[in-house]
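These are the structures in question, set out in turn.
What follows is chain A paired twice: with chain B in the first complex and chain C in the second.
Take a look at the complex of A and B:
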């Protein structure tokens, strides 16, 4: 009779640790693929918002409100259609997080301070990136890196881009989100759902 | 004994819900110590600012450093499993990120007065609470919303008592929240 293979406690612990790492990375990859569509959508909308403001600064309030409304409704629609396809309930947490973000942004750019248009244009994307970094600490480090890099580039543009600040923001904030969405699509696991 | 698919799905869903609540309860207990610490620091800072406004900026800088050292010590003093260490490290990273972004908004990108600063930092913390709470437990969402609304009320209507209002409100909310979390949470065995 063949003897059972012997596994040392250290080997067993190392194997379990490997399994845990693989499980965590798989979760991250599924989340990355899931997030890519939202990144591309928000990146496109934000780039349009900045270019619209650059071309027609007097109507910037309306164009930004339109960007926010289209973005939030678009996000809800994508989530609903994915939930219908997978048979799982819609996870509303990200939508609630976005609503909290918009409320916090309005509180600090319009209600409690007199921020200038340039400050408002710098503050909003960094609010968003701040949330992304916080989110990334729990769900995947890609978001941490993205949030920190875009924030640093926004600060650079705010201080030194002069009259080209809005096109700079369209490229940095909008282009950054689109590029990251395409990258997430490449490294993520498509058509999977988390248990 | 046979189990039909609906019953099996329902049972699995129940197990998932129990698992999620247990995680929340364990998380709550672990987070309570951080809340006591930050609540105490925040109360001291606000009371100090009320009586010694000229030294407020220096006092807040010292207290923030102290708060971080304390958080680090709390995280390090607990029994360590890998999972536990990761959870504690995430709280520390989140606190650090909050401070970095807060400084960016108040010192680089924004122009903000003293009264606004006193309202800004707690609402920023509470915003972080709300976002984290969506994933780790709804207590943090409610705590964040309540303190934010009360901070705005104090900003507009507390007059010269705003710092004291914030000391009581923000400090008491964090410390009271810590006690509440300890009551409803479960200590990790």
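Take a look at the complex of A and C:
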């Protein structure tokens, strides 16, 4: 049986502060691991979407609808699979949040009839990255940095990439998500805490 | 006042338990990740994990992930309970001592 230590208030305060730091680091690492798979999946899909639009601009609506449908179904499948393996229920709030995000994007894509395809193509990822910044304020600084960097690079491409805007977006928005997902996988607790 | 726990109170063991307790219930963490999170060295972490395992606060599982050996650590229900009680004890000490200058 454990004996009782004599602990001074200063030591207790230092220990509690230590506990708080470690708990925060661990929870961040768990969240990063969960997010990594989704980042890689969405990054790949978005890169495919921009390349598809670059190759065939006239069918861009269909290719983007396909990207969003595959992304949402893929996200649900991954969550279901994890829930089955861990025995914990799926958190449907995240799925509803994604659907709300997509619906909001489509609403403005439809209503902004005077907007050029270039403006719409810049709007979507910056909107997504804005939500990433908000998400990051709660769950981890990494997402704040990612949101700000990708938004800045999208703005650079929008202003100066010329005819290379869509490939630029594939690399910046798609590649940025893939690279961040791989990084999150490295620093998170993937394959250690998750089934 | 409830009692503190001498096994858990040691600085590295407290960090280990804080990290394991922050994981979702039933989840384990790989040794190298735990080492990073707790800023411990290999030998240090290993010896403190042994002490916690002897106390019944953690379970240590060794397995192979492909060809790589992997050590996974998980808090037991008794370990989570002991950690929670010890943290409550630390808070009680602070509450009773008033502001620290």
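The rule is simple: the second predicted complex is superposed on the first by the 182 of 195 C-alpha atoms of A that agree within 3 Å, B and C clash if a C-alpha of one lies under 4 Å from a C-alpha of the other, contacts with A are read in each partner's own complex, and residues count from 1 in each chain.
Here is the rule we use: a contact is a pair of C-beta atoms (placed from the backbone, for glycine too) under 8 Å apart; a residue touches a chain by one contact, two chains touch by 3 or more.
These figures come from a predicted structure and were not determined experimentally.
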Practice task
Considering only the touch criterion stated at the top, classify A:42 as touching first (chain B), second (chain C), both, or neither.
Solution key: neither
Handout entry: Partner chain in contact with A:128 - chain B first, chain C second, else both or neither
Key = neither
Exercise for the section: With the two complexes superposed on chain A, say which partner A:27 touches: chain B (first), chain C (second), both, or neither. Expected result: second
Problem - Contacts of A:10 with chain B and chain C, given as first, second, both or neither - result: second
Exercise for the section: State whether A:155 touches chain B only (first), chain C only (second), both chains, or neither. Expected result: first
Problem - First (chain B), second (chain C), both or neither touched by A:18 - result: second
Fill in the blank from the handout: Intersected contact list for chain A, partners chain B and chain C none
Practice task
Going by the contact rule at the top, pick out the chain C residues touching chain A in the complex.
Solution key: 3-9, 11, 14-15, 18-19, 21-24, 26-30, 33, 37-38, 55, 65, 72, 82, 87, 89-91, 93-94, 97, 100
Exercise for the section: Could you please specify the touching residues of chain A with respect to chain C in the complex? Expected result: 2-5, 7, 9-10, 12-13, 15-16, 18-19, 22-23, 25-27, 29-30, 86-88, 189, 191-194
Handout entry: Partner chain B, residues of chain A touching it in the complex
Key = 17, 93, 96-97, 100-101, 104, 107-108, 111-113, 115, 119, 122-123, 126, 130-131, 133-135, 137-138, 151, 155, 158-159
Fill in the blank from the handout: So, in the complex, the side of chain B touching chain A is made of residues 82, 90, 93-94, 97-98, 101, 104-105, 108-112, 116, 119-120, 123, 127-128, 130-132, 134-136, 148, 152, 155
